[in-house]
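Below are the structure tokens for one structure; questions will follow.
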Amino acid sequence: MLDAAAVLDFGKVTDRSSSLLPLEIEALCYQVGERRLIDRLDLRVDAGPVTVVMGANGAGKSLLLRLMHGILTSSSGRITWGGRELDQDVRRRQALVFQRPVLLRRSVAANIDFVLRQRGTGSRERRQQLLACAGLAHLAKQAARALSGGEQQRLALVRALAIEPAVLLLDEPTANLDPAATAAIEQIVRDVHRSGTKIIFVTHDLGQARRLADEVVFLHRGQVVEQTPAERFFDQPRSSQARDYLAGRIVI
Amino acid sequence: MQDFGQAIVLALHLVLAGNADLMEIVGLSLKVSLTAVFASCLIGLPLGAVLAISSFRGRGIVLVLLNALMGLPPVVVGLIVYLFLSNAGPLGWLRLLYSPAAMIIAQAVLITPIIAALSRQVIEELHDEYAEQFRSLCVSLPSAVAALIWDGRYSLVTVALAGFGRAVAEVGAVMIVGGNIDHLTRVMTTAIALETSKGDLALALGLGMVLMVMALVINAAVMALRLTAARFAYA
Amino acid sequence: MLFTRTLSRAACALVFTFAASAAPGGDKSIIVQSTTSTANSGLYDEILPMFQDKTGIRVDVVAVGTGQAIKNAMNGDGDVLLVHAKPAEEKFVADGFGVERFDVMYNDFVIVGPSSDPAGIRGMQDAKAALKKIAGSKALFASRGDNSGTHKKEVALWKAAGIDPTGASGTWYRETGSGMGATLNTASGMSAYTLTDRGTWISFKNRGDLRILAEGDADLFNQYGVILVNPAKHPHVKADLGQAFIDWILSDAGQNAIAGYKLEGQQLFFPNARR
């Protein structure tokens, strides 16, 4: 596999994420009917560290990720990226990788080309580089949906990189993958981070969080209950909910 | 019942002898209906895709209307197209009445609602899957429409086939706007109607069988294409 | 990819054929609005090639009921009208839609019915009397009911017989609203009497139990007329070509061609152009 950092660098400014960050969220609410799934949530995420969002099922991790990416609209509250409202221009500089890769019913290469064309930056070389980075160059002509689960998610990941995002959002991308495929994804994510891209990674896999996180944001019932550097979080979490979660107790 | 036996013999004879008149009629049928399907797809597929993707006030009403239009009687379509294309009508100056072009227009009007309504369903399902990814990538509406049509192509071929089936089988519209003129606008269905009115039921039935075989071959070909596609996991 | 190639090729082929079919033909042709009875008899297949050989003009025949043919011609959707309903034709000319009406040929109507002949009209000559017997016995009668030349003739005969059968519509009097062939199919299917022109009858193949039961009345005379659609009303009418067709069909050559058309040994139409 080609180093994703090398692919992304391209002689551009190393810290591409700086202008979009910090991400600031104030009193964010997301309501479905009477149920408030995100409840007056406040959060500030700075450039630099790999931010891992954790929490039990239903804590609002995936919702939060979609709200900060702008593919869901909040009921109330405020989200700003580097002081700017969440407009089309801001959104175009972020990419989101879903738990289930949504691949077009086309060849592997055509999946990359589609995104490159969206940004008007299509070139064969660029596509081949991205595929090499996912270790999929030899499968370029295959139907994307005929790939294995791990291959599909790697493709979805490098396809997200095709837009050269300043911020890469990942929503439990390895939840359905085996350990080898998971390791491959994590390696690419680390490389991407090294190139200066901000990573916000949702997971409920403790091992994965330990391997990747520089800081952990812990959600409980639609609120941030703690935001702690990784080295401290796993040993001495401040909140009782996080302590219970780490201890494997049921958190209600 | 003797007509059936006679019809089969006649149909075989017509086909095997390569009857020139029959070939001309079959050729025109195919040309008119395939062109109509092609034109309907150019309009109906994007329309169906836009309706599948977008939400606006009155969308429900539009969908009900569209579904209702699927049941348009061919004779009514023929009459409306006739009134437009007639020399006394607003488009009379085009001089299209009693030409294959007029028949193509009538059939296209007839099946565009079918193509649009059925493709709306197909594309809506696909869009449910793609919607978040597209929103994440900030894909514009035209790009999304094109991508959904392209990715749904193997299902949409079936939609086109439904349109083709309706077009090639209808007689009411082409009879009125085509005039069933020998060697100019006579197609399978109008020829069948003509032979029936001459009381030559065996020949009419024979022609009907040729039409059915034609439809069968086309359907089988499309099915084979879909199966191939499914094997390569594009569908 | 397989699909792309197939699709684009098909698209190209279609566009080309469409362009070819939509392009206005350079050849000379006219549209004749005529009746199903003449077209179904096969007369045009016989005589039109002769005309085309001589003049190079192709004649495209639209065969519909006389009523619709006249309506179409009033809309200017045709160059020549050749139908069989004299009063309606004369009105068409008087209203300025046609230039002039000429007699072309005639045949006659016959009353056909089931061989069991429940109304007992076999061998009758008097059409009015035959209709009276049919009405009296309430035997099934299939009417065109489509405002065609044949239908107009039938209505006139009922009127002359002093009967209004429309009151019985749906009972013994059945209006098919269809062409001659379809009505004969219906009559054959339900063993009904009906009025048909002799040309359609001779060429009709699905007679079943039907026989000619009454014929030979002067009232059953069926005159065909030809009219050039008025170019003053519809400027695009191909007056020269249409007139050439009318001149030919009224000429010795055309009249002999009509007389020469035989089906199963019988002459179907009798030319009677006055010159």
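The chains carry the letters A, B and C, assigned in the order they are written, with residues numbered from 1 in each.
Here is the rule we use: a residue touches a chain if its C-beta (ideal position, glycine included) is under 8 Å from a C-beta of that chain, and two chains touch if they have at least 3 such contacts.
Keep in mind the model is a prediction, meaning the values are calculated, not measured.
Within the contact network of the assembly, the step distance from chain A to chain C comes to 2.
The chain occupying the central position, as judged from C-alpha centroids, is B. The greatest centre-to-centre distance from chain B, using averaged C-alpha positions, is reached by A.
Chain A and chain C have centres, each the mean of its CA atoms, that are 77 Å apart.
Chain centres here are Cα averages; for chain A and chain B they lie 46 Å apart.
Centre-to-centre separation between chain B and chain C, using Cα means, comes to 31 Å. For chain A, the set of residues touching two or more other chains is empty. Residues of chain B found to touch two or more other chains are 234. Of all residues in chain C, those touching chain B in their complex are 2-3, 6-7, 10-11, 14-15, 17-18, 21-22, 24, 31, 36, 40, 45, 60-64, 72, 74-77, 179-182, 184-185, 188, 203-207, 234, 236.
If you check the complex, the residues on chain B that touch chain A are 129-130, 132-133, 135-139, 143, 147, 150-152, 232-235. Chain A contributes residues 66, 69, 71, 88, 91-92, 95-96, 98, 102, 104-106, 114-115, 118, 143, 145-146, 163 to its touches with chain B in the complex.
The residues of chain B lying in touch with chain C in their complex are 31, 34-35, 38, 86-89, 92, 95-101, 104, 153-154, 179-182, 184, 194, 196-201, 225, 228-229, 234.
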